[in-house]
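Next up: some structures, all given as structure tokens.
Note that chain A is present in both complexes that follow, paired respectively with chain B and with chain C.
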Partner chain A sequence: MGTIYQELVDIVDAEHVSDRPEELYIYSFDLGTAEPHRPDYVVAPRMTQQVQEIMRLANREKVPVVPLGGGLSLAGLAVPLKGGILIDLKRMDSIIEVNEKARYAVLECGVSQAQLTSYLARQHPGLTHSEPGAPPTATIAGNVLIHGQGDLAQPYGFNSDLVNGLEVVLPTGEVCRFGSCAIGVSWFTNHPLPDMGLFFGWCGTTGIVTKLSIRLFPAKRLRGVGQFVVDDEELVPEIMEKITRTQMAEDVIAYSRAIPPFGMGLQHFTVNIAADSEKELEFKQELIWDDALGEYISRGVGGYLGFTRGLERPQISKTSDYKKGGGFEYVGSVMPIEKYPLCYRRGREISEKHDIPYTVTGRCIGAGHSMMFAWTYAFNRADPETMRQARQALHETDDLVLELGGVIWKPGTYGQQLIIERLDPGTRELMRRIKAVLDPGGIMNPGNWEGI
Partner chain B sequence: MPLDTYKFHDLIHRCFRCGYCKFPTNWMDTNNCPPYARFRMEPYSCGGRLWLTRAWLNETLDWSEHLAEILYSCTTCRNCEIKCPLSFNVDIVNMVVAARGEMVEQGKVPPAVKRFLENIDLHGNPYGSAKSRRGAWAEGAAIERYSGQEYLYYVGCTGSYDTRAQNSSRALGVLLSKAGVSLGVLGAEENCDGNEVDKLGETGLFEMLAEDNIARYNDLGVKKIITLSPHAYNAMKNLYPRYGGDFQVFHYTQILLELINEGRLDVSRGFDAQVTYHDPCFLGRWNGEYEAPRKLLAAVPSLRLVEMEKNRDAALCCGGGAGNFEIDLLGGSESSPARRRVREAAATGATILAVACPKCLVMLEDALKAEELEGMLAIRDIAEILAEAGGTE
Partner chain C sequence: MYALQFDETKCLDCHDQDCLTKCWYVEIDPNGVREEMLKIARGEDSFVLRECVTCYGCEEYCPTGNHPFFLIVERQEAFGIQPVPSPLVQRAVNLGLPFRGEPEIKQTNGPVLNMAAFSELTPLIQGRLFEGLPVISTDGRKMFHYFCQLMYLHYGKSSVIKERLPGIIDTIARHKPTEVICFHDECYGTYTSYCPAVGIDVPFTPVHFFEYLYNRLMELKHLIRPVGLNVAYQRPCSSRLSPEKHRFVGEIFRLIGAREVEREFVGENALCCGGTIQGQRRQGSRKRAAAIQDKNIDDMKKAGAEVCVFNCPACLQTLGGMLAREGIRPVYMSDLCRLAIGETPAGWR
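Entry: the complex of A and B
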């Protein structure tokens, strides 16, 4: 038995293990406002077996393990709060299978959003997946595990609802499979076996997902984005309800922001529509713009801003450069749609208090079952004061989410503690027991969900 | 050196490390940044390099040879600049080169970089080969010495000294001469163009090379230059004007295309093969020339051109840029960019991988051997293909 470093080298190889300051520095950061913490080792495995061996080593030595996908949660979820071994999973990036008939894809955990988008467009143009608005390096697995949502959220819901199966390495090193793949058949469904909620929303504290199967959907030949605007935030919930009632949209987002100034206070909608023919497109547009929203136009309280053909995928975001400062972070929440006006007004107050131009966004999930509402705070990475202001605004927003009756999405440690304080005692005890069974050594991403 | 005196101190913090820069334009993988493709660890990504640079300059992180190797592993291929959607993207490579300049100033560069620069300073080439042998590649070939002809044929270090690249140097020289192009070479009087020196951050040595070359060319009355290498093309076309160099500079594929269009180049024997073409970074992304090489290949009878999935501005760099063809911080692995690239070429079904750069030629030829693909695929310079198609081989 050698040093932990040497054992990691023996498991993977010398080029993909490091305890040097340069690697430890880079992997100590989240891209948001979270304070950095250095890991003791960084390792980038290529296969499940290597992950197993790393977990056995870590469990034996009682060394913390922090799994990292794209590292784009912006909530500090992969910051090694207590040091240990940071596992960069992005080398595990094979697209293992795409099944056209059963419409699913089996992927290694490091496959990125853009990689799958591009692969499907080139090899299976009739299929698509629900792509989030995250940068294209965000991994499919990471997004699913934090209950992410994508541009098919309106018809199909959260991306975590679209999982057919998982392969997971437990903190003790065993490999488990969930879904139909668990009985040796194809990865086509999660039903009707016992579910796998042991890993979603746990912020990497219960195991490492190494493979997953996700559902794919028909990629319509024509796709585009329609835009609508109102100046009264109180109208947003009913408009969302009316659009979702048509069941003609793939994605419905309402947003408002301070920049550019002429748009401040307005509530914009983007509505993604897809069709296989001009006739279908015309029909869908008519149902949405005329039948559902026509009354707002005729009353003079809403305006149709046009329809742009084509859908930018992956989406390009320039949010990080809003302040020419290289940074932003947001609080996401899962929130009832009727809360949109309050979310907007209270969020704007927090932004203005901290001298940050406000940006709020609400994406409709399912048939209006909820929305993911996000408050974004840009900062200048070169100016610690703007980072402090943003961090304070984020904490105030975490408090606001719970005050308004929502649930914090992918909470950082501050938000996690707010949730734990309010958690049903029975649920909290069950979570504690599950954590103890799965991770008896307490090595998985410590500092997260601490104190349950 | 404190951050606030660094040329890009007000810019470097703007990189968010979102990772767009890892992708090719068609988004098919995260392997289009050569160092990241090679190591797949975040410090080797474009964003990782910028964050490390900032940490070093603001004295959060000490200099180390490993840090220097990470910075010098960037081949300056400009894939990051193509992919980054933010307004500072035009300066991403400049930020890396400027950081290297700081390391050079402090005498803190990796040993291989030091050797590379010393060899150029002492011998006029990065290999440490004798200056007197620089013109040996042309022995026996009917290529004149420069004495006021219309064009100076600038061969460059790799085309002069590397035995594999010498073949393409000769092929091009003979091809041009037979087509009646008035040209001459400098032989042992030729000196390094300095493109790699500039990209390694050795500004002083680059200035010396540029000024020396410009003075020599002016003395000889040179007005027009044909370069074998896109690297030399880039230096002479884009950098020499800053030092008073006022020459019409052409990459050889541009001249050959003119000759084809004018009916002065015979390719009637054809070239019966399926061919794929690798875009050199200093011809493509640096100078926007994607079509001349393709038009040349398309003009050859029986040649069937197929594209790799990553082509034009999406092409994966061979890993040889910014001196890495000799410094070699990216070699030694099946993940090395050159080995990835020959696998991508082989996947097209082509039997010939055409190149238009002697550095790419050497890098990919070595990769071909390492991948044991020699029976399936051969690397040929476009000049060699055209020479064969014209019977001047």
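Entry: the complex of A and C
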């Protein structure tokens, strides 16, 4: 294996390759409950060509390759289950182009959410992107590739719906491009050429995305969050329907949690509203709170909690404070919104069974087309028993997602297997063939989507 | 067990009926006020129970100290008339439950400052104004052990206050304070107005925060340099329970050289911050609150206020941003006082 280390040094440089145990240790786990596995090498390339060379090397040596962005997807998706070369992509962090008129940004794959947000705020204050509530070091690419959703999900959908183009290094080392950039023009659209679904949702098992173009949107001058609360979870789907009908919101989230206790059993909504003027803001507020939700207020079953200027991202991570030791992981799902009441009740049962204060969140995607519903479980990192409990709760929740008629979002290996068992045989065969064509050596993020 | 002492005969003999004729929010024929109040006193339904925005104002307007507002709330609860939608009630009732550990009791055998449910504002308590003054309820996780509970008057829930308040008083008393300086008007009003009205014993002497500030400024008079600012004061609802202490606002302003601007909505005529009104169950409450806020801020602007001074954190939270957007700086009274003695409060430029 010594030669692999040397070859990696030759491809990148000595400073950005490591096989030192203390560094491998850092890369052996994520924030969640996944069992740790150490890579054999960590390498941090700076450019596409270096990624290509690493892939060729790995292919030749039949060594696993695991791409890593921010490592914040939680479900163990970038934990090197079978060792090998972990490619830390954070150094590939150039913002290559921002086009104000066609509203897109071309980015290297290591650009983080915070980096783009602050860059746009400084250089292009009229533009914004759909930023997830993930920690700021999460990468744009990592998020898009797992079908993440940001704070513009309500009007515009999943972040993977907002991609205009990709540059990908295949497991065999070739580079290919998708979208308009594939014919040498600017990266302004994904349509109408054959699409690039070969890489989304595959957890890095089909190639490494080195560049991408994402859509940007008008950043309104005033942004803020209004809150609404109901005590009957059965009201949530119709309220979501009413809010989305106004087409006045940027982000609509319903949540409920056991801590702090005042929220226990209640369903809170946060509704992000943006406007360029006070007049526009008041107009939107009126449509949402007074016209769409006024009936719930006068019936006494829904309460308006006020509007705060400035953006608050969903604070799932606060859950990590519930148990000593600061750990948490969630199962995400893509669900029909009408399932919210069941998701809440059944999720609460699972939490209570495992003695974990419950936290559930449902973010509306599109005009009520679906929601990302998440069940979060806290654990104490220093206490294996609470980790075991949380893991068990997560598995039961994976089962629940399918039972309720949803799809597990960014499933870990347990959830992946549940999905594979249910996959349409034709689809499964097609996926197997695609995987075999793209990754003949089976080197890409092995352990994930295994057995398709 | 605890019952409001309301004397119906005082209403019968009352010439003014200021409780409702002066009310900004309930529209009522002045000739019908006595009748409505008597209906309420006798335990009959009245439209006032539904129209009340829970601004506390009538507690101050009542010339006989008969506690019309406390009575309205008792009756709202008896009739199941919730001034705000039920999820807000549930949320508020749960909010006051302590959930993280027991309070750490240190006996002081002297005066203490009680931050109550505003532990997070302990950083305001610094500098020479507070030197040597022990402070209780400084731990945000445990602050609800010190929470006076009076907020539930906004929610039509006197029963919650009566159920929890004796325990809160006991917690404070276990610190063995001689005097309890109340950071918030609401606590002061609880111990000096609500408790006697319903028969809850208070085994310590409550002191109004502004009275403390005034006395302390007098001790530090040699340090005072006039702040020379045009100020307006946002009166909190609960100060209606201790109108006799409201004079300290003006006295402090005079002492520190702050010019109180001449406004329409001042003193007894003060407008509510709108925080409670916006969430009420009645149709159009959000807009109604916004209209009151606009009127209030307009009045401050017209009067030339540069700064709006607060006692109540909830009022500041509600109005602070709006005021700042209009070029009026929101500031706590204690910070203004610190400024006057040459200290620079955090964030002051």
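In the analysis below, the second predicted complex is superposed on the first by the 440 of 452 C-alpha atoms of A that agree within 3 Å, B and C clash if a C-alpha of one lies under 4 Å from a C-alpha of the other, contacts with A are read in each partner's own complex, and residues count from 1 in each chain.
Keep in mind that, in the parts below, contacts are C-beta pairs under 8 Å (C-beta built on N, C-alpha and C of every residue); 3 or more make two chains touch, one makes a residue touch a chain.
What you see is a predicted model, and the numbers here were worked out from it, not measured in a lab.
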| item | value |
| --- | --- |
| Fit-or-clash call for chain B and chain C when the two complexes are aligned on chain A | fit |
| Touched partner set for A:421, first chain B, second chain C, both or neither | neither |
| Which of chain B and chain C A:10 touches, first, second, both or neither | neither |
| Touched partner set for A:260, first chain B, second chain C, both or neither | second |
| Apex chain A: angle to the C-alpha centres of chain B and chain C, given in degrees as a multiple of 10 | 70 |
| Chain B versus chain C as contact partner of A:97, first or second or both or neither | neither |
| Touching partner for A:300 - first (chain B), second (chain C), both, neither | second |
| Which of chain B and chain C A:231 touches, first, second, both or neither | second |
| Residue contacts on chain A - larger count, chain B or chain C | B |
| Nearest Cα pair across chain B and chain C, whole Å | 12 |
| Chain B and chain C footprints on chain A, overlapping residues | none |
| Chain C partner contacts - residues on chain A that touch it in the complex | 229-231, 259-266, 285-286, 289-290, 294, 296-306, 308-309 |
| List of chain A residues in touch with chain B within their complex | 15-16, 18, 20-23, 25-27, 29, 31, 42, 44, 70-72, 88, 90-91, 93, 112, 114-115, 117-119, 122, 135-137, 314, 316-318, 320-321, 324-328, 380-382 |
| Contact set on chain C toward chain A in their complex | 82, 84-88, 90-92, 94-95, 97, 99, 275, 278-279, 281-287, 318, 321 |
| Contact footprint of chain A on chain B as seen in their complex | 10, 13-20, 22-23, 26-30, 39-43, 48, 51-52, 55, 60-62, 64, 66-67, 70, 85-88, 309, 333 |
